[in-house]
Amino acid sequence: MYNSFGYLFRITTFGESHGPAIGVIIDGCPAGLVIDESFIQSELSRRRPGQSALTTARKEDDQFEILSGVFEGKSTGTPIAIMIKNKDAKSKDYSHIADKYRPSHADYTYDQKFGNRDYRGGGRSSARETANWVAAGGIAKLLLGQIGIVSKAYVSQVGQITCSKPYQELDLSQVDSNDVRCPDAESAQAMEEHIKAVKKDGDSVGGIITGVIQGVPAGLGEPIFHKLHAELSKAMMSINAVKGFEYGSGFAGVAMKGSEHNDAFTKKAGKVATSTNHSGGIQGGISNGEDIHFSVAFKPVATIMKEQSSIDKTGEEVVVAGKGRHDPCVVPRAVPIVEALAALVIVDFYLMAQTSKLQE
Amino acid sequence: MYNSFGYLFRITTFGESHGPAIGVIIDGCPAGLVIDESFIQSELSRRRPGQSALTTARKEDDQFEILSGVFEGKSTGTPIAIMIKNKDAKSKDYSHIADKYRPSHADYTYDQKFGNRDYRGGGRSSARETANWVAAGGIAKLLLGQIGIVSKAYVSQVGQITCSKPYQELDLSQVDSNDVRCPDAESAQAMEEHIKAVKKDGDSVGGIITGVIQGVPAGLGEPIFHKLHAELSKAMMSINAVKGFEYGSGFAGVAMKGSEHNDAFTKKAGKVATSTNHSGGIQGGISNGEDIHFSVAFKPVATIMKEQSSIDKTGEEVVVAGKGRHDPCVVPRAVPIVEALAALVIVDFYLMAQTSKLQE
Amino acid sequence: MYNSFGYLFRITTFGESHGPAIGVIIDGCPAGLVIDESFIQSELSRRRPGQSALTTARKEDDQFEILSGVFEGKSTGTPIAIMIKNKDAKSKDYSHIADKYRPSHADYTYDQKFGNRDYRGGGRSSARETANWVAAGGIAKLLLGQIGIVSKAYVSQVGQITCSKPYQELDLSQVDSNDVRCPDAESAQAMEEHIKAVKKDGDSVGGIITGVIQGVPAGLGEPIFHKLHAELSKAMMSINAVKGFEYGSGFAGVAMKGSEHNDAFTKKAGKVATSTNHSGGIQGGISNGEDIHFSVAFKPVATIMKEQSSIDKTGEEVVVAGKGRHDPCVVPRAVPIVEALAALVIVDFYLMAQTSKLQE
Amino acid sequence: MYNSFGYLFRITTFGESHGPAIGVIIDGCPAGLVIDESFIQSELSRRRPGQSALTTARKEDDQFEILSGVFEGKSTGTPIAIMIKNKDAKSKDYSHIADKYRPSHADYTYDQKFGNRDYRGGGRSSARETANWVAAGGIAKLLLGQIGIVSKAYVSQVGQITCSKPYQELDLSQVDSNDVRCPDAESAQAMEEHIKAVKKDGDSVGGIITGVIQGVPAGLGEPIFHKLHAELSKAMMSINAVKGFEYGSGFAGVAMKGSEHNDAFTKKAGKVATSTNHSGGIQGGISNGEDIHFSVAFKPVATIMKEQSSIDKTGEEVVVAGKGRHDPCVVPRAVPIVEALAALVIVDFYLMAQTSKLQE
């Protein structure tokens, strides 16, 4: 169960950074969905390494193969298995850290938990796993497209550089128009320069991604332990390097009064709506029809080119420094990951909602 | 499955605010645990309404009954069922909002999802449910006590008033020494006064709770979709009024460089340790033996005594104002809830860890 | 998870034979179902002890209370909790076997597994648990009633006395017309006399229950690991004393040729049908619209009034003999249990089927 | 969730008969297990088609690849993905039945459930899926081998020809010494001749497989809904063509008296044992340390070479006859499948048992 996510639309993944392949089984996709493979490939390309000067130089074309569950272009209702072969895996890059514990990496904790660890490229702890999520999320997006739901995300902060405009004032169709994936051109340029400077210094920096899900009908989410935002949170906290999640008013809402924070119900164009949206589109764990919006905080990448002190398996003090090819800042490549996970969560709740009340 | 939480130590809950009783089944508690009922009762008393001038005047003694799973004072390994009867349920208080949608409450979304809603006291969406979690968490704490793990929490912010000291400089044994549950006496007094002022004004205010789990051995957590912090996040986001979660460096970590943020491994007293703890005790989703620390953001309570505009079931514009007995700020009573959920998460991972590697 | 059954319509149970109460939480019942409490009570009365000369003299009226999930007579979509208090629990009856292992009971295995055992009345291993299933099954039957599905069962064999007529030749509305619950009056009388003779002798005897589910539309069931008959089998094998399960042609089908066994498709009254039904209404794990029929084998009850040799906790040889009040043959009271479990399985698959294909 | 089996040792499978590959993810295998690939391959060879004159002529060497979860010959505790490519898939063989519903196959029910069906070779409903189970079962067997548990099975009946000796009188190491996999040479020869005669006639015949699991310690199994025999039953009923399951005394136990059926506890060589084993090694759903033994009934294969009447998608009457390469009797090849599923069930319960009681 440990490597599965979701309930009715459930993914189960496998794969290490330097093994022969990674992959994902999507179980519960309804039959009859047209599977647009080129769309899935384009989503993978948004995540893949080597796509710009801001990312790792590792080259993976991340070409995927569908092994099952699709017949004559449509889902059959049986499990859709997707495999992505690992190509540019330079295992030699990692031999120097086989016995060393890299600071703020998962080396030490894996060793403590499992005893036996594939140290090449981080093994199972590598963010390469997220390619599986993007592929599965591609199918989730296709399904959401059928019901008018769109899952979007963009970079709203890099280091201390923030995009000060709220998402409502941005053109979310322009997210991919620059390498950093911030739709505000001015902020994007400042972020990009900052990332390049940090990279040049052999260091890394964190960032924030804002997610926006539009078109969600009222009534998705389960009241107690499967609140829509709780599952979103769990999904986002599963991404490597994520340290925080907030939705709607988030941490800033703490300082508000109830009289300021409450979203008054009203009618817009004959439909129930709220005049503000501090609720972030979710009340009592269930969508209310407004935009769902949230933020995800990423720490600076742990792998840096600078020398750091640490210890090895035997407890001896050692010095480690990254030698491989790594991202100085993960948020540009993490945008499609956030979108994919959000899409997976929403599809799952959409399927659950089919059985909430007796059909008449 | 919707009303269950956890995997091997799994709780399933039921109950509405104004029904005959609420309750929880704890499935998977190992046999042989001494069940100290007075401890569980004391935990419930920390959460119950009417405990101080800062909380709602609703009176519930929250006396619990164990219906199964305990024999001669010890757990038998079979499900432990706990029931808490509802006593002071004044259903009349709610008749005025049977057809009205209170702003930022779950009235509208429940209606959209289920069609059929128990509107008395919020029904299933009431925070009364959290008494179930505290009861179950009491048992989790007893089990953790056997292995030296302690789950603590305290109020670190109310509105704009923050406790500026980090948790390491506070005496966490003093959390319950004041009504607001902040172990820093000076901050506590300012918070208390603020809550009273807000209450007098018929308004409400938000806050932040900081959680600290100590004594967790390295190796708890599952790498991909059951990361320790992801499950913690999901748990905390399940609490009514929570809008955000962060652990370790959290949102503030975004602005740091990798060279500042990385926690160097070192040895302390012959044991592996880290010199800083921006990781919050978790690396790659698995505990590393350091303190696990995190923050939970609560919005201001939606029920206020002021008049607010809204609509009713028929779409007509209406005015609503709280009439019942409500908390102006939930964080003082939410401290034991945060502790309980954290304990439930840790116990679950502790049990999972029994099967991570082959026994030798 | 251990005490839960079902996926979308999921029950979680608790309770020991001699504790204060037993109970069940039904999670996933769609909102809007009219809950006919008198029907549920009548189902419990069909299972309760002391109902006829054929059953144990233990008196339990098995009156149930609904603690949550129902408002103004209808399900709300939140968990329905049902509690049944234990009344006539004579714990003294069991003190003599606190340290003895009764042959073919669960005393020894519970001790091996848990160390700590509630020995009164078998504790958690008592068939009293099945009252929970019948109560939950009552709700499942009410839901199935809305879509025209009926779950029936009857006694088709007691010891060596078989009802030779196939179910198609019996009037299943007459199942409750006699104490043994065989709708064939002649067989019923012979079975009844046999049970009485066995009882008089202080012994016990086994039996077979045949189940028939009618009105199931084609398309329920999941192809691989949740085949309709596999879940039915698991459900039936969960009943105390059950040793075997078969559906359709069952064990007898082994000796047939494919050319004899295959069910030819044809049309009846304009609808797809099969000319025979060796498939038992299920093909590839999915219902085909024909009657689902199956048989469940029950061993003779382990508790007998005769003396038997055994050992105690210390390994000493001892003699045990039943002293309490027990059924000489369980099948008459197990008929509503079989019906209830079958109803729970079908409701679950009915809900799952809502998401099998894309809605058009 | 539909394509997953097991809880802590959980497999999730994919693949159609004529797609590019089938495969399985094994999630929850403890780290540190030596993965003997040649053993897994030998298990697959026992199941593969074309292995003898008794089986289908379809040629699949069923060579598997491990894609993840194994490093330097040992499991790492992360998911083990196994892929088996489909090689000899003659899709043309099936074009004639694309629109026809083969009697007693899953064609009609898949169409009713999903609308969209991969008709080539039965698609997902093909028994090719069982290769995944045998591969995963191979790993389960390796783990069981570490703790002294052996999962064995053999053919005990073909058509009306039964092996009359109980398993205790057979040499289970000789199961693979003949093509039919019955360790009693005389019975084996009669069975073999019968299968050949049936094949020559273009017909098919059923059979029974007996399973025996030895070395299981007392205490495995969960009391209520995860009884050891209930999960075994569900597993076996998941195999294509299975119609019945019984364990211990099974259906024959029905006709016995309690005084005959009860297994007296005694001591053998200083250990608790039972003098008989009608319980089949399981009491109250939990293993008691005796051999676990059970029987599985297989119907005659639905595909026969004779002409049969049926209907097509449009409801027109049609005639169908098998043209491909099929087994006249599945039991010889199903022996390793039964063993594999039993091993998967036992491993899962073994892992669960690690958390049954508090460690001292």
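To keep things simple, chains are lettered A, B, C and D as they appear, and every chain counts its residues starting from 1.
Keep in mind that, in the parts below, contacts are C-beta pairs under 8 Å (C-beta built on N, C-alpha and C of every residue); 3 or more make two chains touch, one makes a residue touch a chain.
Bear in mind that the values here come from a model prediction, so they are computed numbers and not experimental data.
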item: Pair of chains joined by more contacts [C-beta pairs], C-D or A-C; value: C-D
item: Furthest chain, CA centroid comparison against subunit A; value: C
item: Whole-Å separation of chain centres (CA-atom averages), subunit A against subunit C; value: 46
item: Centre-of-Cα separation between subunit D and subunit A, whole angstrom; value: 39
item: Centre-of-Cα separation between subunit D and subunit C, whole angstrom; value: 26
item: Multi-partner residues of subunit D (at least 2 other chains); value: 1-4, 7-8, 13, 28, 31-32, 77-78, 113-116, 124, 223, 356-357
item: Touching residues (chain side subunit C, partner subunit B) in the complex; value: 1-4, 7-8, 10, 12-16, 19-23, 25, 27-28, 31-32, 65, 67-69, 71-72, 74-81, 83, 113-118, 123-124
item: In the complex with subunit D, residue positions of subunit B that touch it; value: 8, 28, 30-33, 77-78, 143, 146, 223, 351, 354-358, 360
item: Residue ranges of subunit B in contact with subunit A within the complex; value: 1-5, 7, 13, 101, 103-106, 108-110, 112-116, 124-125, 129, 157, 159-160, 198, 203-208, 218-227, 229-231, 233-235, 237-238, 243-251, 253-267, 272, 274, 278-280, 282-289, 297-304, 306, 308-311, 315, 317, 352-353, 356-357
